[in-house]
């Protein structure tokens, strides 16, 4: 069994677009963007270049669900970012192709926002 | 400048086996822009990992998609095994490789058939699926299921394949390969097939890389990236190299798949030759803790599983980035500037798997 | 096997299925199973169809489309739910986005079990639905119906 | 001639007998070990431990110890075979033959007959 070596970097969301811009110039390929939300938002951006796998970790509070988009550097990120917008109720700024929360039409608004075992949705929720 | 019209395409459409909706912005016969709207198959199964036992999740992971089912469960299990630092038996690794190559052949044959149907070559469609059925019989004989294999579990595989069955399967595969060779010849040499695919839907190398294309869509544009190069399971012990084509058009993507089927036949033979006796599963110790990205090569391209566990039997986060999700932006790029009548063929050449994409 | 009075036409729709059942439905049309020998034709147009074959667990986005397709089909019509998801939601029954079963949306006449359903099981299901179709046709004739879609009340 | 590439394939298949399986008329024996349908093989030996129900990913099995009943909701069963593997008394079996379609929803119930108490000499 091969366990791939994976590299991590933690950075602030304000520094994200610049860092991603550098990666794009260096020729890294965007592999995936993964959002998760437990105590706080944690967004992972993964890139790949010459078999090197690098993930950027961006964490921020639930009270301030705003994130800069990286579609300036990687247009292909629009699908991930629209998905996060729908599932987590995040607000992406500078998103190039914005579905405004209509990428998925869901039975429940922002289903990934509430963490188990807390079943009841937060009062007020996140407005669209 | 002509007048612009928007033509809705899908979700229920004769050429689409699955529901996806595209708004095609047209200028006469030319597509100016394509805007997808998805969500018809969104089942929210990533969220289910928080409620289900991590071993039970293997069944759900397998049902992300019924076409690439085996590799989905294999990828999920590999991710969990990496968290548990679990060394699984060699025989199980080889069986996993054999099954995943079988599922690659079955998926590519399915794709060849659907593509032939999309450009109106009915008899070629039927022949591709006729050959595919023989492979499904083999899959059923070795794994017990036709499309949902249900054999992969955390810690190994659920059933062994005895030597006699394996020998018979190899014989049948050899016969199958001979039959497939004839069909492959039609796809690569027939004039009417060429006319529908050559020079259509070109994706240049730079665009493929920049837009994050994966799988045959990426390799058809000349980039030699195949996640099997990471040498997961026993791919490191087998002799193979990623297949690429330079042209970047529909024909190139088709040729990549055609050659990959031959490669898969070869990989199965190699794996069956090297397989050793032994157990096929180990006991699972404890619960997963930590986080890991497992990357595998699906028939449609690289797939990424992210798992995060906190030491309980439920995962904290399970995320799948499926190949079709990554291939959507390149598809929109290819569709720009094509003719309306080419849209079905172009959409099919990225081998869209909507249930994968939306999970 | 009895002869059918009509050649039933079939409309297949994937309502949030995993594809496993869908490719088996397609497999029914190809040489090995070949349902066309029963006169069954897979059509893309709901107004031509007698049998609606649905796979998948139906989510909110698909609900309206399933209703639409069903509503557009002329009477008599039969609905076949193929696969564990279409019958009950299957493995996805606990998910937030799944309604869990076609019968939550439209009335289902025949259930075909399996995950994924085997083509043989689909043929069984379609054959059973034909008997129901003939019964419904007779019923309609007795009532003097015209085969027009029922107006939603 | 690139136009006649398929000709060879077509002549061959015209000469061959049709590859269609005439399903309802001729039934193919499913391969050994195929997962077709779950059956309760022997309710007599069941101890109603309920492990099958707990392991079932779709909760298709309900075991009632007090009534000595074992119920299967075939609507939910995904024929994974987990219950067959786990059963300590080997009561369950996976048959190769697929489950046939049905018209009315029902739950398959198996009830264990009460054992004759006095007739057992051991």
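First chain written, first letter: the chains are A, B, C and D, and each begins at residue 1.
Definition applied: contacts are C-beta pairs under 8 Å (C-beta built on N, C-alpha and C of every residue); 3 or more make two chains touch, one makes a residue touch a chain.
What you see is a predicted model; the values in this text were computed from it and never measured.
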**Request:** Could you pull out the chain whose C-alpha mean position is farthest off from that of chain D?
**Result:** A
**Asked** Using the mean of all protein Cα atoms as the middle point, what chain has its own Cα mean nearest that point?
**Response** B
**Prompt:** Whole-Å distance, chain A centre to chain B centre, using C-alpha means?
**Reply:** 25
**Item:** Centre-of-Cα separation between chain D and chain A, whole angstrom
**Value:** 43
**Asked** How many angstrom between the C-alpha centroids of chain D and chain B?
**Response** 28
**Prompt:** Mind pulling the chain C residues that touch 2 or more other chains?
**Reply:** 31-32, 59, 61, 90-91, 96-98, 115, 118
**Residues of chain D whose C-beta touches two or more other chains** = 19, 57, 78-80
**Message:** Can you pull out the residues of chain B that are in contact with at least two other chains?
**Reply:** 39, 42, 44, 47, 51-52, 59-60, 63, 130, 133, 145, 148
**Request:** Pull out all the chain pairs that touch, please.
**Result:** A-B, A-C, B-C, B-D, C-D
**Message:** Under the stated contact criterion, what part of chain B meets chain A in this complex?
**Reply:** 35, 37-39, 42, 44, 46-47, 50-51, 78, 81-82, 85-88, 93, 209-212, 225, 229-233, 236, 292-293, 295, 302, 304, 306, 308, 314, 316-317, 319, 321, 325-326, 328-330, 358
**Prompt:** Across the complex, what residues on chain C touch chain D?
**Reply:** 1, 31-34, 37, 80, 84, 87-91, 93, 101, 109-115, 117-121, 123-125, 127-128, 132
**Message:** Which stretch or stretches of chain B touch chain D in the complex?
**Reply:** 52, 56, 59-60, 63, 123-124, 127, 130, 133, 137, 140-141, 144-145, 148, 150, 158-159, 182-183, 185-186, 189-192, 194
**Message:** Quick check on the complex: what are the chain A residues that touch chain B?
**Reply:** 1-4, 6, 24, 27, 29-32, 34, 36, 38, 44, 46, 48, 51, 53, 55, 74-80, 97, 99, 102-106, 111-112, 115-116
**Message:** List the residues on chain C that touch chain A in their complex, please.
**Reply:** 59-61, 96-99
